[in-house]
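Each of the two complexes below includes chain A, the first together with chain B, the second together with chain C.
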Partner chain A sequence: MRLEPREHQSLALLVGYPVLALAFAAVVCALLVMLTGASPFQGFGLMLKGALGTQFAFFETLTRATPLIFTGLAAAVAFRAKLWNIGAEAQLYMGAVMTVVLGTGLLPLPWPILWPVLMVSAMIGGALVLSVPTFLKTRFGVDEVVTTLLLNFIVLLFVSMLLEGVLKDPMGLGWPQSKKVIADAQLPKLVQGKRLHLGFVIAVLAALAVWIVDRKSALGYEMRAVGHNAKAAHFAGIPVNRVLAKTALLSGGLAGLAGWSEVTGLKGNLTLDLSPGFGYSGIVVAMLALLHPIGVVAAAIFVAAVFVGADAMSRTAGVPSYIAHVMVAVSLLSMVTAIMLTRYRLRWR
Partner chain B sequence: MEAFEILFTASLWAAAVRIASPLIFGTLGELICERAGVLNLGIEGIMTAGAFSGWLAVYLGGDLWLGVAVAALVGACLGLLHGFMVVPLGLSQHVTGIGITLLATALSYYFYRIAFPEVTSPPKIEPFAVFPVPGLADLPIIGPALFQQTPLTYLAFIAVALVAWFLYRTPAGLAVRTVGENPAAAEAQGINVVTVRILAVMAGSALMGIGGSFITLSAFNSFFFEMTNGRGWICIALVVFAAWQPGKALLGAILFGLFDAYQLRLQQLAGSVVPYQVFLMLPFVLSVVALIVMSRRVAYPRALMVPYRKGER
Partner chain C sequence: MQHPVLEIDRITKRFGPLVANDAISLSLARGEILGLLGENGAGKTTLMNILFGHYVADEGEIRVDGKVLPPGEPRAALAAGIGMVHQHFTLADNLTVIDNIVLGTESLWRWKSNLSSARARIRQLAEDYGLAVAPDAQVSSLSVGERQRVEILKALYRNARILILDEPTAVLTPQESAALFETLKRFVAKGLSIIFISHKLGEIMDACSRVAILRGGKLVAERKVSDVTRAELAELMVGRPIPKPKAEPQSPGNMVLSLEKASARRGSQALHNISLEVLGGEVIGIAGVSGNGQSLLADCISGTWALSAGSLVVDGQTSRASPRAMVEQGVARIPEDRHTEGMIGDMSITENAVAERYRSSAFSSRGLVDWRKARVFAESIISKYDVKCPGPEARVRLLSGGNMQKLILGRVMAHDPKLILANQPTRGLDVGAVAYVHEQLLAARKRGAGILLISEDLDELLALSDKVAVMFKGELSAPMQRQTVTISSLGLLMAGQGFSHAA
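Let's look at the complex of A and B:
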């Protein structure tokens, strides 16, 4: 068996294979749903209705998509430059830590000043976390995959320490949680009485900004060059290490914003369950979007719909909600395979 | 002073070897994959799947060793999937590995919830009992540490010797090392690079599965969510620390186990002064430090993470 590059890719191919990939994921999950005794058609029906069927469900999906857009952008930006940032989870939490440190009363500023201050500090928090592995990579040649993964555990324990120590809310009845951010730090809801908040709009704007940086700026060009072939980029006079450092700041900063928007838009305070794996799901979002910033928005909404829909299905049909994680993982694996098949042809001999 | 005296207690050393056991399996497994040129980031999920499937087999009435075999088989199957995607298809080893971890973890949790929809306390099994080696178990310190363990720990020691013998003393081991160093040269020798790599990933993943089963069949007696708790990622760091050599992998895992056992005891001693999270952080920090120290003189397999396509340079 070998692979042969295709000379040209027809549109049918470019659309067909990804659709097939998602269909494959759906079939795998249908089989798993059947194991529980529930009907897969009914299950998917419940899922679709629970994710997009009502206005409430749709807003809920967009709410869940908001942090995924940020972490998806973080992964996409880094992966484009072949900086393997698997630590968006840690960067998200550090962004949230910065938000509650400054936003719970330390800076009594009006919102037009406080919002940008908090955003920038959340970005700095996330960026600092990623700059450690990036420095170790460029200076000592330590593989960033392992260090970013290990940092996820270190940072989560650090947050746990803060929440049981200096950041603990004295009125929190002993729970490890921070104080609520002040009213001027909170993002308004987009629709009265719903959970959907301004963070979603900011996430979409962030995607647009990343797209413009990627397409129109010298940095975007350099990042892609480094990702494509670091050695060639070096010979072309691109300062590879400096580009990687900038990539890390951008990627870590975007993940930090996910923490900021969850705290100021949705939760109000910081707890240890702020993120149910948004950092890891961001990797899936980025890959489903083929690392394209605008695609990230669509992919994040898709992944969020799967999670929200599965929750609804689990409540009504008794199918464990972990089916969503299975579906997302199978989608990731089948999608990367499908994308490869649009570029190469399989030859059996 | 008390903190120093702990170092001479037999229970510390016994705990160190116990904590090291799953890491020995995992590190050996990752080492075989990487020696063949394939990074396997599926390890965290494969260990979780091994922990769950091995435990489930025993819970459903199987023998403990059947549980270990099931864990190995499940590991090998996930290894086959990873191997197929990254070797002949040449997909990104990073992304595929993370995907395998997400998939294996999700499937384990899903099946656990199907099997036990509404349990408040996790169901238990009768785990491996300690098997003292006659004659050697009564030695001071060394006895409790090395010869008063469960059979799976002894299997871990045997696995180190077997893997070392396999890699350095058999033609198949040479083939594995060659495809990881210079696949084109291996091909010229008549070695089928794709087959060797896939088999190596399957064998390595089977060891990861056994490592996972140690957690549920020997260290504990039930399955919890998030039980693997980063052990797989630590194994990946240990492979670098061990410079891709089985003997050093054993040493690294035991050093790590010793450190982890020691911090647990220090935690009880100084828990009121220093937050317990600091102690829990130390093993992960130590792994990062070890990576930095070793980065100076690593001789990683030359073709690690380089997909091989026949006729391409």
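Let's look at the complex of A and C:
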């Protein structure tokens, strides 16, 4: 069995394989659902209904997708430049920390001023977290996969320390949680009585902005060039280390926005369970989207729908909600395989 | 005639509408070196892939010792005694020579490998065939020439009797190539048969007894090397006569490059007190065995490495060690390695065309790139330099080496450079592309650009240069007028005679 590189990738191939991949993932998951004794058709039906079937479910899925768009963009931006940022989780929490430090009354500003101030600070928080590993990488050649991954735990412990200390809400009955952000910091709901908030719109706008940066700007060009061939980029005169530093600021900043939007749009305060692994799921989202910023929006909604739908299915059909993790994982693996097959042809001899 | 050991019988292979091999028939006798000559894309590699079982031919068959070789089975080819030495080595750097040779020949189920008998056998083979290699040396510590010997030993260890060498000299110095040819002659004296794939005429003339010429997938001629001249071979291969580059005398202009007592160090490579001047309208050639500091010198002038002492002045201005600053000072840089340094393979022709100047006002304003202008620029290079490609959006990886080099030429020549640094500008190119690159360099010389030509091809240096200097262990000899040097006098300098470091 060998792989032969394909010279040309037809459109049918580029569309067909990912579709096949998702179909394959669906079949595998159907078998797993059957193992639990439920009917896969009923299971998927419940899932679909639970994720998109009702207005409530649909808005819930979009709510869940919001932080995933931000962290997915963070991963996509960094991965394009081959900066392996596995630390979106830490950057998200740092963005949230900045939000509650400034947004819980320290800056009593009206919302038109407070929002941008908080957004920028959250971005700075996230960007700083990623700057350290990026500096170590460009200066000393330290592998950023290791440093960004381990920083996740360090930052989480740091947040835990803050929540037990200076940021602890005195009215919180002893729970490790921060005070609520003031009303002017909060994002309005998009629909009365639902949890979906303005953060979703801002996330989609962020995806559009990243797309424009990628296609039109010199920076986007530099990031792609560095990602494809850093040596040739350097030879041509592209300042590779400076581009990586800018990439880190952008990627870390986007992940920081995820923390800001969760706090100001949804939770109101900072707790240690602000993110059930949005930073890690962002990597999956980015890979499913083939690192395309607009694709990230679609992939984030897909992953969110799987999680929300699986919750609904487990409540009704008794299938464990862990199936969501399996589905996302199988989708990712088959998608990655499909991407490989669009680039290479499999020969059995 | 002796019974042939290998017969290729009317092999045809199509890829879609492209006929890569069109009813090719060839035979190889015992004890013969057959040259397989052809430009890139002539079908040499496809034919060898069929022979080795990587591809299945649409028509025709292959016989070894009269027996038909089952198509599409590399194992069968190995068992029949066909060994291949690839252009790009397939060795594991972190293993020893002996591990690399034995790798894959032993069953995975064996409790331990029998290295001592393997070692004895390798020593015996090395002695019989004159392939001196230390069996316990780590491959990463070997020179390119030694690695190639390991590749050949690997094939011999598997009892290869028909050896296929794919562009074996592409990575070798002239001296190493000469040594390889001697070794090959010893092989055939011992009864092996060799197919020697190349697009370099000189090598074919030196190494082979017979030559088969492929062009456009067809076998266009088979000749005895003794009955044919280089010019005839070139014409057969390209299909039209190849003009020789002709440098007309002209009076030099201002100083465009001046290196004074320049020193630099990078790992084991170093430059010691190099002084050099290039005037507008002249070509200074730098000869030398590969690895004597030429790459470091080129990197310093490219702006990718900094001098540790001395000065580098381009067109009257002292230069900083920055690629972008060099481009802005009017240096056209043709890098040694097109694939890893010259081009970004996965990006489009347009994106590569503007890689040096995307920040200039010609292509961008306020941080946004004007891709329409960039595309127009790429299209102008494509038409002016005759880059064969599907269009400006095509990925550069799909271009042939010659077309990639034309694209690089177009990129660096577009802004009327004062100095051209051409580092191995024709390495790995076919005859037609070589002639084209030479033509372009001489045209730039005529326009008044100074050219620093670094090459390991002495014929090329002597054909193009006004003066030639030799590098040896990081030192540079005084440049000599071309008329006063010969290949043999250069050879002595390349071996270190007349340098202070020489033993």
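Definition applied: the second predicted complex is superposed on the first by the 349 of 349 C-alpha atoms of A that agree within 3 Å, B and C clash if a C-alpha of one lies under 4 Å from a C-alpha of the other, contacts with A are read in each partner's own complex, and residues count from 1 in each chain.
Just so it is clear, a contact is a pair of C-beta atoms (placed from the backbone, for glycine too) under 8 Å apart; a residue touches a chain by one contact, two chains touch by 3 or more.
For clarity, every value in this text was computed on a predicted model and none was experimentally measured.
Look at A:232: by the touch rule set out above, it reaches chain C but stays clear of chain B. In the superposition on chain A, A:86 makes contact with chain B only, not with chain C.
For chain A, the partner touching the most residues, choosing from chain B and chain C, is B. Shared-chain residue A:340: touches chain B; no touch with chain C. Contact with chain B, but none with chain C, is seen for A:147 once the two complexes are overlaid on the shared chain.
In the superposition on chain A, A:224 contacts chain C only, with no contact to chain B. In the superposition on chain A, no residue of chain A contacts both chain B and chain C.
Listing the residues of chain B that touch chain A in their complex gives 39, 41, 81, 85, 88-92, 94-96, 98-100, 102-103, 105-107, 109-110, 113-114, 117, 194, 229-230, 233-234, 236-237, 240, 275, 277-278, 280-281, 284-285, 287-288, 291-292, 295-296, 298, 309-310.
Within the complex, the chain A residues that touch chain C are 7, 216-219, 221, 224-225, 228-229, 231-239, 349.
Of all residues in chain C, only 56, 72-73, 302-304, 322-324, 326-327, 333, 335, 340-347, 351, 355-356, 358-359, 364, 367-369, 371, 398 touch chain A in the complex they form.
Across the interface of their complex, chain B is touched by residues 1-3, 32, 35-36, 84, 86, 136, 140-143, 145-147, 149-151, 153-154, 157-158, 160-161, 164-165, 280, 283-284, 287, 318, 320, 322-323, 325-326, 328-330, 332-333, 336-337, 340 of chain A.
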